[in-house]
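Look for chain A in each of the two complexes below; its partner is chain B in the first and chain C in the second.
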Partner chain A sequence: MIREKSINAWQTGILLFFMFFANKILVLPSLLFSEAKFEGIFAVVFLFLLEFGLLILFYKLKVKYPSIKFYEMVKNCFGKITTKIVFFLVAVYFLGKIILLYNVTYIFFSNLIYRESNNFLFLACFLPVINHLAICGIRTIGRTAQIFFPAVVIVLIFSIAVGVFGIEGGVVVEQAKFVNIVFASLKHLSSFGDVIILFLFMDKIEIKKGEWKIVFSLSGASMISVLAVVLVFFLSYTYTSFLHPFAFFEILSFVKEYYGGLGRIDIISMVFIILLTYFQLAVYLKVFFVCFDGLFPKLDRVYSVLTFNFIFILITTFAVINLSKIILYGESYLPYLSLISFVIVPLCVIVALFGKKNKEKKE
Partner chain B sequence: MKHFFKKIWQTPMFLIFVLIGLFYGIPSLGNPAEINRFAIVTAVGIDKAEQEDFDYEVSLLTFVPVPEQTFTEFYKVISASGNSIEEALDYAGLYTGRQVGLSHIKTIVLSEDLFDEDVTKVLDYLMRDKEVSSSTKLIAMDGKAKDFLNAVKDLDSQSSYSVSEIVAYNEHYIYATGCSLEAFFKGYFSPTKASIVPVFSLQSGDDEGISTENGGGGGEQTSSGGSGGKSGGQGGRQIVNNGDAIVFKNGEKQKDISGDDIVKINYFRGEFKTGGITIEDFNGEPFGKASLSFDISGKKLRNKVVFENGIPTIYTDIKFTVTLSEVEQEDEQFNKDVDLYNVTKNETSQIEKQIKREMAEALEIMREAKTDVANFYTLMYNTDKKSFKRFLDSLDDKEDYLRYTLFKTSVRVHSK
Partner chain C sequence: MEIKEFIKQVSEKLHNSIDIASRVIEKNGVQIGFVYLKSMTDNSIFSDAIFEPVSTFEGEFSFGAIKNLIQANDVSEIKEEEVVDKVLKGVVVVLFSNSEKILAVDILNFLTRTPSEPPTSPVIMGPREGFTEDVKTNITLLRRRFHSEDLVFENEFVGSSTKTQVVLAYLDGVADKKIVKEIKKRLSKIKIDGVVDSYYLITLLSDRPNSIMKQIGGSEKPDIVAAKLLEGRIALIVDNSPIVLTIPFVILEDFQNSNDYYTNYIYSTFLRFIRLLGIFIAVTGPGVYIALQLFHYNVLPLKYLITIADSTQQIPFTPFIEILFISLLFQILYEVSLRLPSYLGLATSIVGALILGDTGVKAGLISPPSVIVVAIAKIALYTVPEQGSQITIFQFIFLILGASVGLLGVIGGAIYVIAYANTIENFGTPYLAPFSPFIFSDNKDGLLVVPVNDMTNRPKSFKNAKVERKE
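Now for the complex of A and B:
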């Protein structure tokens, strides 16, 4: 069952392409608008720049240590206890991200089509698939993603192109202050920082010399696509963007409502969202498993699977399933945990990169 | 067979798929059909409640789907009161014995007694409800919304002619204006805080008007012409869509605008696709004291802002392409095909003068009402933010910026 083989440059790039959409194309644009108006898009640009910085850091690390495990690397630099703490925090952070992503998707679908469905139906649809993918390993996820990639790209290009028809002129920009943009960025820090996934799988990633451009190109394309979705959404709904919480769906819905002709094209966005959500949840879950293995190396995989499912079902059944609650939790607690992505992991990597160098120099 | 089951047993995903099918598929077959649970609402009317205990009365133009061989739907108007829109809708559900299905709403009608207060309070629930489409048309009623829906009831039941379609075409013509729920809130949240909503009214059937009556009482009546259109309803009442509108500012009624004035304002708004321009008493070859009607087949509107000495000047350049469509002469019939007639300079300059005069009147209307329904604010702000802010700061009343803005209009009319 467990097929832990490596992924190549294309699969890495495609996984990054998919991950850059996680938690960014549904609720986030609407929240950014309510906090920073049209300038909310600069928060996305700023956070993507940080994300790109992490990717460059990963590149440097991978070039220097092509086959080392992240766990080993951190352990060598900081010792066993610190490594366990870092892995514990990463596991909690990704569990939080899974809950956020799952609930936003659940609310999206229950609001729009499956009004009377309960959480258990959604769990029945999601849990088996993401568990299966995560247990099969990163190579299985990568290869499956590779199969779906052309369809995802076509749907994405189509959606953005159609969304352009809904753009309205005559809006006042420059309404928010710089401080609003900074606050919006900090509040939604947890929706970004997915590049650290690569650090956790770094021993499973095999990128040949000259193939890095594939990873960078696909990452760049994904970032530009997310920015295009946010921009089209803002320019379609203008001053009422904050009243529409499901951005990617809303841009197609806007064209459907006001220009007709193409029929229910908004269904395309639902297919796109469900497909991406499966992959994103599977990758997050895989990260959780990796962290669990790091924390309890002697325990069998079945324990990590049971632990995750038990906690996940418990939280989603009793704690959340309410958009305002999830957003509150996403804005209030997760940003602090995002320090793992933007501070702790990069710090570990920098120490590993330069600390070793210093040691070598001393020798 | 044994091998088959062994293979299935080794594929846990298949087993899970079967389990999901058993748990969710089979019970769903026993669920009653949605058409048996929902009352389908196509229009909502909101009035102030007559009872003191409640704030609002909500009327729903609804039909219950029943299987039959024709496409006719039998509508009913159901009213319920509540302290909020949601509460009133719940009560309406109680009265029908069905769940109120809002996803088919195409029109929201606001009663005139709501206009003294902020109407966004009334519309808030409908705007935020995910079932109600943001493209739902919003109309204001010169009277009670409930009466309007009662008049519409027969129109929708007995013909394929629907009131939502009448409103949909409002945006198409220069004579009227349309407003969706989304457009209303966009205006409300924009810097101008202004939204423009079309007004419908009801007239008794024996009133003077240009209408054709088909069939018995409450049958279909349609008409169009001049500046108004009427559609028949219950007890001979007619729905009148003259192109009249109300400007809302900060959600409250700011000004009534007549259909004639809407035409003038629409020159600046430029959202229409077609319409006509009529010149009365035109004297000049080959016509003699004629009334000439021209069809607008194309238009191009361009605005440019220049700040001169801190005062914004808006240069509006409009190009119209027109074709002669109708000639009414006192003495004799015009003996040429209008399609082959080439509109002369003399006629186009007459049209230009008329449009210029009407645009000046439109500006006066907007200035008086202090409402910028043409969204000049955004144009000025985006052209030169600093200068515009300085200009606004120099005014005693910042809302009155249109009065101190200079306008220079250039109208060019071409023959097709």
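Now for the complex of A and C:
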């Protein structure tokens, strides 16, 4: 009987494709514009380069240790206590990311559609689905994402193409300073670095020799798509970009009566955002579960599920949700935690790669 | 052996059932007895092939002589404890007073349907034969398509009361032995009093018996089952059922239709997309409509919004109640038309569709857009009728989701359902293969249909012993 619990190259690539959109296509472009004007796009390029570096690091690690668990690898290099600390930090970081992504989506929808709704309606929608996906495991998430992938690609290409036709302003070169770009990059560091999810699932990823190009191609395509969305948004709204908080939605709103034939098409962007948000939250939650298992290996899965849901409902119920507060949270606190993505995890990997303590776990 | 006493014992074991028949012939002090069920045996064959030759025989009655006299193909020696079982299976049991040996003569014959076109799978082009309720006929229908020594039929019996014959059919060297073994293991573990139709086995053999998802394939057409055997699947022919089950099953099979292979492949590909679209509309149509009407009206184009608002403003019910009412009404009419004789069913359809629908709209109880949306969704459901029961349930679930939380709920529901389907594996076969996991080569007969000569490999979605189709 076939009992593979792993994901293949396509599923890995598709998950990365989805994750590269997380926290990047709604509020980020507008914020970048307010900080670095049109040159804000360089911040995205710079951060994506860092992210690509992480992906290369993962490739090297996976080639060297095809089936080892991340937990075991870190434990072999740094000992049990350090490993627990790293896993605790990663769990906190991803819980933070879930809260950020959920709140941004909540604000987006409550501003535009569900005006009379409350947080519980959203929780009732999101929690069962993301819990189900995360409990079923990374293979279920990967396979489900694979089903939706063609629809996501079609919607994305359509949206970008329609957005390009809606561009009215020309390319405007502003004079943002280099320091503005660096500052904007650091401020929004937490919106990037999702490649580290691969490290946490590395024992569940099976990529054959010659299939890495699929992963790299899909990641590259995703990065280019995000850049295209940001660029189209900047060129559509030019100097007023910072006034429009929900970039991907605004692109299609801008051309909503496109040629009069299609009618309003901004509903497409809404569907796209809903779809991606579900998957992104599910993957983040799965990372949280993996970290929880690492921290408390003897506890049953039900404890991690209960812990997450309890904390999440508590925070989203009692924390006042509004756009400015959540942006402040995302810009002030999460960037420090992002060091986990860009410093701590890569450091662990580098030590594992060049250290001699790890022995390939034979299965 | 005391023949009359033995026959009496057999009759008592069968509670002196009215269809038990027995005859005794005596010659030179030697008795020959016959026990059989009248309901299962052809009287004229019994008379011509067994009784007549024995009663007119002029020689000495002996086991060997009588065995040679009987003009039947299937004559075998059985043990005393097998007698009741054999009689129940329609076999004529021959007893000898001068010998402990017992003969079983199989002249089983009862009324069966002749193979005809099954009502569930009509074809425009292609074979019109369908399986019947008789297991032997069904085996013949398959055997006729394979002049190969590799086609294997194996017997199993299920049900303590019915002892239903279940025949496993597979191509040796093509079907995966482990799956065959696993099916036999699961059949042997079934503890049930009776299996009256093959659909009982669907639940009993499934990996997830409580799941809403259909997990074992079924067909009434021998050409379809033959094609599945060629792919490396295993068929289960259940006595008294015209539905032959096939294992392993993937959801794609329900999107495939025998017409696809008997017509132009480009047109077949087009039809596959239409079926997919049909399923999509059937499942999400009413839910999406209600979501747009209740939550997302501000993203609807103004002209559509005005049309919907115009037609719904006089309706006394909420949009959800309205759609739910129409959907339930349709479901009631559907059930009624299935149960009633065809002439009454037609009348009910007319009453339902024309009188109730039209009058409902005119009376201002239901709106035309709602009727259209439900009608389209219900019609679309039958692009893949094999999935009808599941889709009907999902239709109502998505309707509730759309009415409660709008598109957020509909999309969440879609992800949940697909994720759930992704967790199902039957006999090690992913339920949504070859879409997820995506298997490129299997998609030659997936959403696309390529010419038969390009289908060079067997499906990789499930295990089979030989991948290459061409020798």
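Going forward, the second predicted complex is superposed on the first by the 343 of 363 C-alpha atoms of A that agree within 3 Å, B and C clash if a C-alpha of one lies under 4 Å from a C-alpha of the other, contacts with A are read in each partner's own complex, and residues count from 1 in each chain.
As a working rule, contacts are C-beta pairs under 8 Å (C-beta built on N, C-alpha and C of every residue); 3 or more make two chains touch, one makes a residue touch a chain.
Keep in mind it's a predicted model, so treat the numbers as computed, not measured.
Enquirer: Mind working out whether A:132 is in touch with chain B, chain C, both or neither, as first, second, both or neither?
Expert: both
Enquirer: Looking at the overlay, does A:5 come into contact with chain B only (first), chain C only (second), both, or neither?
Expert: A:5 sits against neither chain B nor chain C.
Enquirer: Which holds for A:239: it touches chain B only (first), chain C only (second), both, or neither?
Expert: It touches chain B, and chain C stays clear.
Enquirer: Where does A:111 make contact in the superposed view: on chain B (first), on chain C (second), on both, or on neither?
Expert: In the superposed model, A:111 contacts chain B only, not chain C.
Enquirer: Applying the document's definition of touch, where does A:124 land relative to chain B and chain C: first, second, both, or neither?
Expert: In the superposition, A:124 touches chain B and chain C alike.
Enquirer: Which partner does A:270 contact after superposing on A: first (chain B), second (chain C), both, neither?
Expert: Second partner only, chain C.
Enquirer: Take the contacts of chain A with chain B and those with chain C, and give the residues found in both.
Expert: 112, 121, 124-125, 128-129, 132
Enquirer: For a test of understanding, state which residues of chain A touch chain C in their complex under the given definition.
Expert: That would be residues 1-3, 8, 10-11, 109, 112-114, 121-122, 124-126, 128-129, 132-133, 136, 139-141, 143-144, 146-148, 263-264, 266-267, 270-271, 274-275, 278-279 of chain A.
Enquirer: Which residues of chain A touch chain B once you look at their complex with the stated criterion?
Expert: Residues 111-112, 121, 124-125, 128-129, 132, 170-174, 237-240, 243-244, 254, 257-258.
Enquirer: Which part of chain C faces chain A closely enough to touch in the complex?
Expert: Interface residues on chain C, with respect to chain A: 178, 182, 295-296, 298-301, 303-304, 405-409, 411-412, 415-416, 418-420, 422-423, 425, 427-430, 432, 435-438, 463.
Enquirer: Flag every residue of chain B that touches chain A in the complex, lowest number first.
Expert: 12-13, 16, 19-20, 23-24, 127-128, 130, 133-135, 180, 182, 185-186, 189-191, 375, 377-379, 381-382, 385
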